[in-house]
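Two complexes are shown next, each including subunit A; its partner changes from subunit B in the first to subunit C in the second.
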Partner chain A sequence: MKSGLSKTTNLKEKFGFMEGGMEISQLQRHFVEQVSSMFSKGYLDGQFFQLQKLQGDGGIDFYVELVSVFFQDSEKLINEMGIALDKQPVDFKEIGANAHQLKGSSASMGAKRVSKVCEAFCSLCKEMDKEGCLRCFDQLKHEFPFLKGKVEALLRLVQKIVASGGAVPVVEP
Partner chain B sequence: MGSSISKKIKSVSGSGTMTHNVEGNLPLLKGSPGQDSDNFTSKNKLLALVVDDNRVNRRILGMFLSKLNVDSLEAENGQQAVDIFFGGASFDIVFMDREMPVMDGLKIIGVSANNEKEEIAEFMASGINEFHTKPLGSVKLATIIWGIDSSSF
Partner chain C sequence: MGSSSAAGLSKEGDELHILAVDDNIVERLFVEKLLKGSAYKVTTADNGFRALEYLGLGDEPYVILKSNISKISLVITDYCMPGMTGYELMKKIKESPGLKDIPIVIMSSENIPTRIEKCLEEGAEEFMLKPLQQSDVKRLRCHETSRERFQENPIEIGHKPFFPMTNGASKTEQN
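And then the complex of A and B:
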């Protein structure tokens, strides 16, 4: 009995490991495909690669927290920009300051497209171009949730890979 | 318009030397880690002050510094930086965003008794905002302070 139980346990462990192993490689492949696609479409840039390397140094918890802070702060800024754009007269200085903030943090996160939109937004605020600002704001309202969805999906993959005992691949741009 | 921490002023206190990187690439100095920065850590445990109103930027820079064996403290604006600086901590490096609420990045005034053109140009290129020759008498100092006070820096 003792021997049989031991055998069963060993087999479970063995099959469990094999299933886990297969799952890890699939998750890792999926992660690489997703990140590569985001690089090639210009959503992410080399800064994201640098942050990935930090994750490799045991900073996954740090990265998860960082992403959460980034989304939280960015949503607040975008919301404030929307309110400021509705004001009469439009407070271009306030909107420009928010766009500048978002440009900086998105560039630090490697969120290339969002950062580029914010860069254009800053210029339009300087020119006090309301129509241009509204167009830019619409673009931002499209780009940001898209980025958020994609990064959150990547984080879910990261968490699954880590939970399965695998290493998160570092993908070069 | 200053753009977050990318326009940074690195000030090495004590020696009084400073470097300024306006856009991107620093010149590759002899013996510097260059592209091999992944394997580089500071030999000495350094302490940096990171001043930026953007907490995402502060955290990322702090994490990168930590990897390089550099501890860091954070300040959200120039006023906090001044308070921390004069609170007794001894910093080796200050990374400061130029454009912040409450108080923007600090203005760095370079002073030297040497007024040779080439040397002044080299000093200016290192990232100082203004250069003045010594001695700094009360008139010159008052002019400098007036300039800072009345500028939109």
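And then the complex of A and C:
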């Protein structure tokens, strides 16, 4: 009899569960796993956690806008770095300026690895080390698309969670 | 940038208006969101010249738009900007009789003690390391409140020259 009563009171929960509640929690779990992995591998840092907390009532829109501006701007900067590297002689000042910009913007996004590569890039530009710069640029051209792919996948996951009526978990590093 | 955050106003019921200056588009957007999320009205500028124009300082340093004085409660600026650094911007604002009391906060991604000292000595309220956190934004409110006191009491403004000039000494803590 008691279990019958508890079944009734839990109907809403159970109903929600059957309606796709399971799907939401799976999505949420997947999101937590993905973000945690990015933290533990050093792709993202505490700043990403700050950004998650900032969403608040504004929901995911703020983050989506910030991310899209970041990717657009970063791609432009990376292109310009490539052009400056191809110049004869190499335009270290230009590359350094772009690397400095990218360092700052990726740090704001919590993109720790990209930011670290840019920091190294800035030093190499100051030293006018062409070989070092070329290596660093290659690293950047690998790190950045990887990060972009991961973040875009996270955003798709977030959009699914929100569309299913679920809350986006805030993941701590 | 006229839209204001709905997340509550200050106790006085006035929305505090911040001018945020940063040449980096992503960082500018981030700071804007961060500030709006704490119920500030925000105007952004992507360089020092535009910031000065907004404050009415433009090419004629002694023409002060009175309306803009009461508008801006605080200026927060990046240090490293091409053309005019945040430090240079601060100096220009401080040189203006009508605007020298506006609290100015300088931000930088680099933790360089001599840079920080230089800024504080020149009159920066605070030097903040980027990326900014919500706790940094909360601290901005106490800088603005002290300015409002000057605005509300014109007699105090008249007495200001009697205060010690070295206002940087008390602000040596880094965040």
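Observations on the structure shown:
Assume the second predicted complex is superposed on the first by the 152 of 173 C-alpha atoms of A that agree within 3 Å, B and C clash if a C-alpha of one lies under 4 Å from a C-alpha of the other, contacts with A are read in each partner's own complex, and residues count from 1 in each chain.
In this section, contacts are C-beta pairs under 8 Å (C-beta built on N, C-alpha and C of every residue); 3 or more make two chains touch, one makes a residue touch a chain.
Computed from a prediction, not measured in an experiment: that's the story for all the values here.
Overlaying the two complexes via subunit A brings subunit B and subunit C into a clash. Of the two partner chains, neither subunit B nor subunit C is touched by A:Gly42. When the shared chain is aligned, no partner comes close enough to touch A:Pro145: not subunit B, not subunit C.
By the touch criterion stated above, A:Gly165 is placed in contact with neither subunit B nor subunit C.
By the touch criterion defined above, A:Cys122 reaches subunit B but does not reach subunit C.
Note: residues 50, 53-54, 57, 62, 66, 69-70, 73, 100-101, 103-105, 107-109 of subunit A belong to the subunit B contact set and to the subunit C contact set alike, using the contact criterion stated above.
If you check the complex, the residues on subunit B that touch subunit A are 1, 3-6, 38, 52-57, 59-60, 63-64, 67, 97, 99. Residues of subunit A that touch subunit C in their complex: 47, 50, 53-54, 56-58, 62, 65-66, 69-70, 73, 97, 100-101, 103-105, 107-109. Every residue of subunit C that touches subunit A in the complex is listed here, in rising order: 7, 24-27, 29-30, 33-34, 37, 80, 82, 109, 130-131, 133-134.
Contact residues of subunit A toward subunit B in the complex are 50-51, 53-54, 57, 59, 62, 66, 69-70, 73, 100-101, 103-105, 107-109, 122.
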